[in-house]
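Input: one structure, supplied below.
Order as written gives the chain letters A, B, C and D; numbering starts at 1 within each chain.
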Amino acid sequence: MRFTQSSLIVGELATGQELSIPVYRLPAQDLGAPKVFIQANVHGAEVQGNAVIFQLMKQLETMDVQGEVTLLPLANPLGINQKSGEFTLGRFDPITGVNWNREYLEHHCDIPAWYQQHSHLSDTELYHDFRLMLLAGCDAHLAQSWGVTTGKRLAVSLQKLAHQADIVIDLHTGPKSCKHLYCPEYDQHAASYFSIPYSLIMPNQFGGAMDEAAFCPWWQLVEYAASQGREMTVPVSAFTLELASQERIDMKDALVDAMGILAYLSHRGVVADKVEPVAMARYGCLLADYKKYHAPKGGLVEYLAAPGVLLKAGQPLANILRLDCYGTQEELTSVQLAQDCVPILHFASASVYQGTELYKMMTNIFEL
Amino acid sequence: MRFTQSSLIVGELATGQELSIPVYRLPAQDLGAPKVFIQANVHGAEVQGNAVIFQLMKQLETMDVQGEVTLLPLANPLGINQKSGEFTLGRFDPITGVNWNREYLEHHCDIPAWYQQHSHLSDTELYHDFRLMLLAGCDAHLAQSWGVTTGKRLAVSLQKLAHQADIVIDLHTGPKSCKHLYCPEYDQHAASYFSIPYSLIMPNQFGGAMDEAAFCPWWQLVEYAASQGREMTVPVSAFTLELASQERIDMKDALVDAMGILAYLSHRGVVADKVEPVAMARYGCLLADYKKYHAPKGGLVEYLAAPGVLLKAGQPLANILRLDCYGTQEELTSVQLAQDCVPILHFASASVYQGTELYKMMTNIFEL
Amino acid sequence: MRFTQSSLIVGELATGQELSIPVYRLPAQDLGAPKVFIQANVHGAEVQGNAVIFQLMKQLETMDVQGEVTLLPLANPLGINQKSGEFTLGRFDPITGVNWNREYLEHHCDIPAWYQQHSHLSDTELYHDFRLMLLAGCDAHLAQSWGVTTGKRLAVSLQKLAHQADIVIDLHTGPKSCKHLYCPEYDQHAASYFSIPYSLIMPNQFGGAMDEAAFCPWWQLVEYAASQGREMTVPVSAFTLELASQERIDMKDALVDAMGILAYLSHRGVVADKVEPVAMARYGCLLADYKKYHAPKGGLVEYLAAPGVLLKAGQPLANILRLDCYGTQEELTSVQLAQDCVPILHFASASVYQGTELYKMMTNIFEL
Amino acid sequence: MRFTQSSLIVGELATGQELSIPVYRLPAQDLGAPKVFIQANVHGAEVQGNAVIFQLMKQLETMDVQGEVTLLPLANPLGINQKSGEFTLGRFDPITGVNWNREYLEHHCDIPAWYQQHSHLSDTELYHDFRLMLLAGCDAHLAQSWGVTTGKRLAVSLQKLAHQADIVIDLHTGPKSCKHLYCPEYDQHAASYFSIPYSLIMPNQFGGAMDEAAFCPWWQLVEYAASQGREMTVPVSAFTLELASQERIDMKDALVDAMGILAYLSHRGVVADKVEPVAMARYGCLLADYKKYHAPKGGLVEYLAAPGVLLKAGQPLANILRLDCYGTQEELTSVQLAQDCVPILHFASASVYQGTELYKMMTNIFEL
């Protein structure tokens, strides 16, 4: 089956040209199967997710797809086209500095009040009405009389598509990074399907990102219902996949990640074909144990610890070279950590100010 | 009396050069008089505050200054030197996008617990210990073993100076702006001393800015004490003065604002000389009534409404020119608002994306 | 008569979206009347030319237009949409740094050889063939097998339109600027038609700008022919109009400049209606006498000399404020010049590095 | 022997802080041995040269150094510290867009006239006076009454140091690059000493770079003398070494390149110790045969051809992925070239506009 193509208009440039995003869709064959929404490239330099969507489409076209699939590559036309020197300045709005992935809408819904009004409904009806409420919240936000910012319009337009799905996957990358996954705690088992060795286990806290925007309200609803004595499962799954490094297109590796996503979709019944997950060691780390190491001084950095490889306490993490201090003890500083960790990503540039986020590392990792 | 000069080191560049800020200080003659801390230019393009500090210094050197005065111009050496084309890209960290004025530390202190432990103290002792607790919080944050970001180091270093003062004044500007003042609700009378026509009346809510960082913990303490039946005044006053437009140095106008600040300092007993506030109409607006108007479409903008001048409902705010739509109704769109307002500032550029924050305006203004 | 609209495609973004420019055209009623090409906004922040084109169109639609008129507003979609902070970073290619207005093609044609081959032709035929040669040069450049840069594609695409015209007008602005005009020496009389007080008289030297790209080859041809004893006039007129400051749309002032352009077009017979030039003093300055004054030190700048107003030797040009030097002779430096001049423009930002181009000024001005 | 450290002041920031560069020097033991000047990091992201200087210093301190050695790491403090997002925007002046490596001074000296006046001198005297003339030219340029730009001040300050040396080495890197060398034609044999496989053979043409600034005037002098019947060798050698990719510090690889430089310095008698060049295949390519391949369309790029590896005609160079064209022939375009070449470097980002310089490749290479 072939995907149909349409466009999502998310803004307008100063010259009047529309900011439009291609939307690819396969219709549901079974309305009971979960609906899927996958987007890529909300951060301008993080292009590999587009290649994964490309490979996904090639696979899905030959498969027996039960649930509706909506794919949105190139999700941030403003960010993707924002060059600064030889790189893509697409992490934050160039005017305001706001991170494009922190603009999603927090629904400040009064869950207890809403639940009291709707508690007589069946689970299915409850989910249906809650979803409508979330969509109405997005619409109301976009329709404000004083307008909304460029970034908010983009984010909430994407969020409306996400709220219509049961499975939401946001494809990102790190700067110089190994593959890792953001996974909500209630869905931890899902991490064993993707072709990704490291998973961050997230709590029920909204920080502005797409995955949180998709799952937090549902999780809150389910938790509140539980407090009222009603057990429900969280009906929406949402993940952020970090597909190694930014500024990289690798078609073969994209196929690997596409197959991992398909393994999960197969498990969930979105595709009827059986796709087995890759056998590999998979590790988890609580988000609270995910640490940022900041450059203790300015200088030039030799990154010694490779992302994805265990670093024992005391092993060299990086060297900081200071030519202005040649001949002193400061000329070359070896940086170590006092505890074991797995470096997940490091800064993209080899020169840093004091305080630059040098590495992000998982500590206290456990097998999944 | 002459100011002494010292340096505050707030970071280190990639080349190893220190980021240092000049600090000017007059010692107290009367230890009972309020201590003052004034900084300028935390946003790189907002330079006029430096000229105001210059004029303040020239005045203070000839006056009878009772309380300690600490002045910190050029407070963000990284931001001030960050050029992009012919302008200063100094509003946010060029690496992370984080607004330099949203990096101050929120002290997540457990006020009820702290108060229970210290409620036996006199007001003066209580204030003293609370201040020490705030300073210790800053020190602890800077000493974290994983380090802190460049922006956090800068902000918390400044905050430590601010926490030592009773009066904190942060000098900013808008993009294209008239003069206005951020003033906490409990200190509303202070607005009648500065040479500034428009004041935003702020609630007790931390949003990351210096003024809030300086007054919020104290206000929370006083409110909690009140809930426990003890009446105290908030002992710290903190204001942000927006000195018209960015990318502007005007020495004469700087003297006007310096005299306004001196009128307030005279009222507070920091200087023994009598400096009368300028007689002028002064208006207030609750922060909740301060509205952002976003560009309803992309295009070229003719700003018609001048900052600081009342705009009646239905009067033209701006024209949006769309050359790509010549010959259609979209070629020139006149924008109006449905209610009276005072435009306080508008965007610095004449070309905008859809959603760009075009104007900020006060609504429901009242005389102070 | 109404303009027809078409699009010029000048490139493609990373997301695949086309870079397109609206082209407005009125056909010739008299093929003998000069053809006109006017473009605006090649530098992204220099938007006022679009407003002038808008006003020109409104006027021309009611006039008796004899010659073909081609108008190209928003001529650099990439530059116009390139924001950096609150300003438009549209002066140079964000990837390469090359000034968008230095990318036009220099035709390295062997004029003597070409002339020998074509000297038997009548003037009209000679002009015709020369024009075809220029157009063929542009086409050949765009068709190179190794490709051309983004900026070259844009510039040469515009240049092809310009080479088809007899009158070429490129609408720019300065940073903070009064109106001024770049006028080739052989066309000096033309300066008396535009509504512009100051003109720079240009020699026959290619520096990469549109006006030079349009007139230099013709001027070289005519000079060579003169050296061979044949007198011809330069058949192409090309001007750059600097319409005051960037980041500004002013519809009324745009009408003033539109009328000035119409006065010139009326004089040249493009429009049959009589449009008189505004009576005003007009001054010239040789390009060699147009001086750049660079900041003698880093610091904050109070610009004292207003663009367009004669500054006598020794009068204050600017103050440079140095808060880090408070209390020394360096705290406030007054800058003067040793000779009379007319400041034409100054830098857009109030903080400068040592060496920043502070002012451009005309020296040795003369009445036109 | 230990290096002495001093500072070269090359400018002043807006905050007043000096732009200073560390200068390391070993004095000559034999005044007849060639003087050496090596600088690194004129482009902000090209940091590896600093590591090479570090390793050079460690080696030279233990060696028998005959000629004066001057080393200047971190040569562009403004560029090195200019961050934009996670990368270093240090290729061009952020205000003007001018490439930092195109700012060196072209001495428009009238060689024939100068030679006539000095032809009676011995070679040594002639060289001496010519060198003084070049230095005086630099001084005069810096002392201009209207000032010089920030970039010019930096470049000419560096150039003054270079003009005092007999051997000038400028350490750069490419974006994603293999090692290569710019070598003037007259010094082609020198390429066999450095640890670098590919050399670009340069003609006698000034393009604004340091190596050209150092050798061009001398080459012109020698050529003119030859035309007057006097044979001299060009007494100055100048090279640009491109040390693989930018944004990379690799201390081991830096030692490899330091040893290559030492092999050349040993050959030239700067160090008395014998350092043998590494045995390796070395290839040359005329600068005229060094080709830039521009992206034929916008899109996402999978770089397939590795820098430094021969690519046969018709082999895949890169894929251009276009998600907006999924399902059409444009979805994935394979790019090939019609001739054999060695890709030397490619663009640093995986998303490109149409026209972006995708690859630079050597064609018609020959063994050295």
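A few comments on the model shown:
The working rule: contacts are C-beta pairs under 8 Å (C-beta built on N, C-alpha and C of every residue); 3 or more make two chains touch, one makes a residue touch a chain.
As the structure is a computational prediction, the values presented were derived from the model and not from experiment.
Ranking A-D and B-D by contacting C-beta pairs places A-D first.
Taking the mean Cα position of each chain as its centre, A sits at the greatest distance from subunit C. As a whole-number value, the distance joining the C-alpha centres of subunit C and subunit D reads 35 Å.
Computed centre separation for the pair subunit A/subunit D is 42 angstrom, with centres defined by C-alpha atoms.
If each chain is reduced to the centroid of its CA atoms, subunit B and subunit D end up 47 Å from each other. Among all residues of subunit C, those that touch two or more other chains are 13-17, 74, 80-81, 83-86, 88, 91-92, 95, 300, 323-324, 351, 353. Every residue of subunit C that touches subunit D in the complex is listed here, in rising order: 11-17, 78, 91-93, 95-99, 145-153, 291-300, 322-325, 338, 351-357. Residues 2-3, 5, 22, 24, 44-45, 47, 50-51, 53-54, 57, 73-74, 80-81, 83-92, 175, 247-251, 300-303, 319, 321, 323-324, 326-327, 331-332, 347-351, 353 of subunit B touch subunit C in their complex. Against subunit D, in their complex, subunit B makes its touches with residues 13-17, 20, 74, 77, 80-86, 88, 94-95.
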